[in-house]
Amino acid sequence: MSNASSTEPEIVYDKQGNPHEVIDFNNDYEGAKLGFWLFIFTEIMIFGAMFLVFGFYLFQFSPDFIAASEGLNRVLGGTNTFILLLSALSMGLSLVKLRNGKIDESKKFIWITIILATIFLTIKYFEWSHEIHIGIYPGSPTLDALSDGTKLFFGLYFTMTGLHGLHIIIGIGVMFWVLALINSGKITSTNFVVLENTALYWDLVHLVWVFVFPLFYLIY
Amino acid sequence: MSNVHKSFYDETHTVFGHHKNKILQWIFSIDHKRIALLYLFVMFAFFAVAVSTALVMRLELFSPGQDFIDPDTYNQAFTLHGVIMIFLFIIPGIPAVLGNFLLPLQLGARDVSFPKINLLSWWLYMLGALLAVTSLFIGDGFADTGWTFYAPYSIKTDTNVIWALSAAFILGFASILTGINFVVTIHRLRAPGMGFFKMPLFVWSLYATSWIQILATPVVGISLIMVILERTFGIGIFDPTKGGDPVLLEHMFWIYSHPAVYLMILPAFGIASEIVPTFCRKPIFGYHAIAISSAMIAGVGYLVWGHHMYTSGESEMIKLIFSALTFFVAVPTGVKFFDWIATMYKASIDFKTPMLWTVGTFITFIIGGLTGLIVASVGVDIYLHDTYFVVAHFHYAILGGVVFLMFAGMHYWFPKITGKMYNEKHAARAFYTIFIGFNLLWFPMFIAGMLGMPRRYFDYLPEFEIWHKLATIGSWVFALGLIYMFYTLYRGWRYGELAGPNPWNATTLEWQIPSPPQLPNFGEIPYVDYMPYEYKNGEPVRHLDLSVKEDKPHE
Amino acid sequence: MLEGIKGVSSFAGEVDLAIWVVVGLSILIFLLVVGVMFYFLYKYSNKRHSRDQIKNIEHNLPLEITWTVAPMILLAVMFYYGYTSLKAMRTIPAQNMEVKVTGQMWFWTHEYPNGKKTKDLYVPIGENIKLAITAKKNDVLHSYYVPALRLKQDAVPGKIYNAWFKATQTGAFDILCAEYCGTRHSYMLAKVYVLEKDKFDEWYNSDKKTPFDKKEKIPLHPGLTLLNDNGCTGCHSLDGSALVGPSYKDIFGRKVKVAVDGSLKEILTDENYLKRAILNPDAEIVDGYSGGMMSSYKDIISDEDIDKIIDYFKGGKIEVKVDKKAKAMAILDNNGCTGCHSLDGSVLVGPSYKGMFGRTVKVKIGDSLKEVVSNEDYLKRAILEPDTEVVDGFSGGMMSSYKGILSDEDIDSLIEYFKGL
Amino acid sequence: MNTNSNQESHPINASVYYNVFFLLIGLTVLTLLQPVIINLDLGSTLIVQLGIAFTKAFFIVAYYMHIKSSSPLFKKLIYTTVVLWFVLYGLMAIDTYYRYTPNDLFNN
């Protein structure tokens, strides 16, 4: 992202002789942020499409969906909601600390985020393994014997929470990469766009859960 | 011409710094011009493959009954043809080749915003292409679902649907990255002074295109993933035996794939908007109208997907809504055509090959567009849906619109890209051959479709024979024309005369630098406070020399 | 042969009008736009119009407004005709005869209100026919397309979509499948036969399979006809399932426990017993069933007829040979088997029925190849679980199971028939 | 080292994060309590739950993702995406509603 060679900005002058800066694509903070926001839009379209499918079947199979929602573990789901909330806070604080020049504290907050994300995944793992243990997973004989709406509810449940979980795993990977960049001095208190974008990504992951949680766990 | 500074063919920078090895210099180059050429060669290789499959299909259909391939092979052939043409050729076509090459040049930028991601797009594109090709040779062969991957057939069939779906997904991802790159480039890297309404119209069309890529592609991406999950885990979302609704997949597929056809045609319109003023020797008529109509087509084009599904069982209410919206898209499209034709008024038209291609395309695309209106009308479409009429309409719009304008652009920017000139006489003859072959190939299909010949048929009832025979003969003429054209371009590239920086006397920034361009594109970046197409008495108002001078090396 | 492009349904006129209007307007627009373009190309070519004659015109607001608004009017006209034709097509009259149309891989089945099932559709002229179109649940998408009727509707597995038509002309018209559905998509053909009303009625109320059948339907055993006519089969099944009373299947010659005046007794169901059971049903009630359900048939069925019935129970059959072949053929036709399996040895999607029985074939079980003899057991498995053993050279997943669709008896008669092929 | 003036955009403050965090905690508790306090039918539940979810989403996007202090371009882009989704959902809802209820046109 940074290019040491272009330290002097390129200036062009209009007819009146006013200077205008040529933006250097190698070091364009606003551009990097805009690019990442566009990426976030694609993610919103992906999850939005899944919610579209969810809504489509919720309309057709409301009783089945309500009954199936009853079977999910709200305590674990609720705990996970709070964990993500906390992790979004710690991610944000790490950015604040970095920009105030407190590199070590910033790293500490990233570590806290990573730990919280891992706890989220562990809880998710227990939730899933419980459901798989009682025979509820796509294509299982138990599930196939149930009503169509129930099959669709769990099909969507595993797809959407699975996709969300995948995003958390990727997020953890990105955070380790960010830590490495901080250690090697590539991210500094003035050149922080990578960490800022990581924080944006993490907020997106949180944002998706804000909708996933009530729609799956609380519609009964 | 590049006696001052070497061209981008001679030097480059790669993602790893500098390499001695020529091949590595190309495939790891982060220079937007080299990436454009990488796309170009791979794309035309796949174009050749897809044209060949089409020729095989047409040959099989020459007479009724089974001649030399069996129905399953035929089904795989049209799927292969569709997947390659749509996902590997037309969708990336103009944006990834001409867009990549020209966008920074027309904006006055030194590269796109994210050169490394640009290279990543190409690698993803290659990965997707590789997956598609690999699936030809393993197991039960290439998918036989048609490029639409409708469930439940795509869930039931034994062929390598997962491979094709993964390929399409990865190609979609590559296309998203290109789109993001372009939008950021257009927002951030315009030359100082160049406001949005001072950009060349090709850039405007790429801007609209990129938004479609960003906002529509993810929807089809996730739908394809759900079909993959359906096949591997049986999640049931599109499987009727588990309560799923196949029509939902049709919705989600077309939410992307209809905007995708605007994604294909918009950059092509952009090319026309460049060529028409250059060869009319005057400013384009209605610059603002053309620019805004691109955005309108992109916006409204997003909301018309349901017209692919009039017979699928969607509700009557939504059929009428989609029909009305579809007609509405025709208005901005019409405005563009009227503007182009108005540009010809009181002009001094120079019939060079790019202009020939553009005028030819106006004819074929107007046919494609007007037949689009015919099938947009609900009651009429119910009769014509899934017949050869739709096949012909689609090819008139996409082949006769997008690909022809792509060829026009290839001829127009050929001297810029290669620094050489092709033979004008042969290029014009190649155009006439292709134009005749094209109409002979596709026009009979309108009639066959009107008479009720359904599409994707391996065999047909005997009374359609005459139309199939005509089309097959047309396909041979068309193929010969293609060979002629590519050979002319190849001769031009190898043996053509040097073209000079501005052979057409055009006005946009890419013509103010040497051909082929130098690695950093511009020596000094101009302050652009004027409109892109300013002519006076048929001559450009400004002649600039923006080449990189020896004494002022950049980077 | 595709029977012409002439529309023969009541709404074909509206659809054709819409087609002509939109096509006509399109041609008009085309000629106008391309005409003006060619005029400009000719007049303002650089041979005739030199560069110093160029006029830089960049805007003309009134003109631009005109060419934005004028097309909208034309488009509104096109939309209107699309709407009227759709309305005519989709307003299903309340008075209609409903025919169920089921698509499955490469075969259409039409089921009439009285339970008749045919491959082609037979309809009376001038009557409203409502089609309830669907596809088998584990099948794929199809589209029911009758060009001459201007009718097209996708058949979606698990969903029923309606269409209708009123034929205005007698004749035969093609039915095609317009939604890609796999290997034999282009052979998923059938016909609509539009008949005079009386000819239709005559067929509809007869036993004939199609109105063009010369042969009378294979006569039933007179005993069975009697059972049917007297409503016996409403309570006694023919296939072994227990309804209100015991099934007729294997009723003769078995030992059953019956309740006589409250005590259980074992008896043999011989002629005498069966006769008593018909004439005095409450005297000896088979264990597990309750008395008082059946009334005596004394004076309703003559002794002679009772003998016929008992003969039927004994398994007395007439015209077994002819019967079996026709029956097997009917099963094959009505279930679309012949769409994929030929009778003459040619290979379509699946192996031909010719010589199928008794040969030795290689089959794929999972990933391994195994040789099996194609005997009764194998063929039965192949019908009920087609994907477990797929004959080498053919692909699985093409045929869906016929479990629950064909009865054991049907399958037996099919296998019997294959033996002779 | 960095001459690009955009990099030092808005000032950033930890207290904003804490305030929004406690607000979100409050909203989440509300989300969890809703089924315990009042038992609503599906429609009302969805309205309440999605209402809370959208409020949370607003705060996350506005403060955690700094849209409040970003350039108007970002705001415009977000409005566009949200509007686009509402139109898409609207069109799908129209189709679903008319397809699965007996209210479609031409009464069939």
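Worth a mention:
Here the chain labels run A, B, C and D in written order, and each chain numbers its own residues starting at 1.
To be clear about the criterion, a contact is a pair of C-beta atoms (placed from the backbone, for glycine too) under 8 Å apart; a residue touches a chain by one contact, two chains touch by 3 or more.
Note that the structure is a prediction, hence the values are computed from the model and not measured.
Chains touching both subunit A and subunit B: D. Two chain pairs, A-D and B-D, are weighed by contacting C-beta pairs, with A-D ahead. Of all chains displayed, B has the C-alpha centre closest to the centre of the whole protein C-alpha set. In this assembly, the C-alpha centroid of subunit A lies 15 Å from the C-alpha centroid of subunit D.
Subunit B and subunit D have CA centres that are 36 Å apart.
Distance from the subunit C centre to the subunit D centre is 49 Å, each centre being the mean of its Cα atoms.
Between the CA-based centres of subunit B and subunit C the separation comes to 43 Å, rounded to the whole angstrom. For subunit A, the set of residues that touch two or more other chains comprises 23, 28, 30, 34, 38, 41, 45, 48, 52, 56, 60.
Among the residues of subunit B, those touching two or more other chains are numbered 187, 215, 243, 245, 255, 313, 316, 320.
In subunit D, the residues touching two or more other chains are 73, 81, 88, 92, 97, 105-106.
Interchain contacts give a graph that is no line, ring or star and is not complete, per the touch definition above. By the document's touch criterion, interfaces exist between A-B, A-D, B-C, B-D, C-D. Interface residues of subunit D, counted against subunit B in their complex, comprise 73, 81, 84, 87-88, 91-92, 94-95, 97-99, 104-106. Against subunit B, in their complex, subunit A makes its touches with residues 5-6, 10, 12-15, 20-23, 25, 28, 30-31, 34-35, 38-39, 41-43, 45-46, 48-50, 52-53, 56-57, 60-61, 137-139, 144, 147-149, 151-152, 155-156, 158-159.
Per the touch definition, subunit B reaches subunit C in the complex via residues 71-72, 75, 140, 144-146, 150, 152-153, 156-158, 240-241, 243, 245-247, 280-287, 289, 311-313, 316, 319-320, 323-324, 327-328, 330-331, 334-335, 337-338, 341-342, 344-351, 359, 362-363, 366-367, 370-371, 373-374, 376-383, 385-387, 450-452, 454-464, 535-539. The touching residues of subunit C, counted against subunit B in their complex, run 1-2, 5, 14-15, 18-19, 22-23, 25-27, 29-30, 33-34, 36-37, 40-41, 44-46, 49-60, 63-64, 67-68, 71-72, 75-76, 78-79, 81-86, 88-90, 137-141, 143, 145, 147-148, 150-154, 156-159, 161, 174, 176-187, 395-397.
Against subunit D, the residues of subunit C that register as touching in their complex are 86-87, 90-92, 162, 164.
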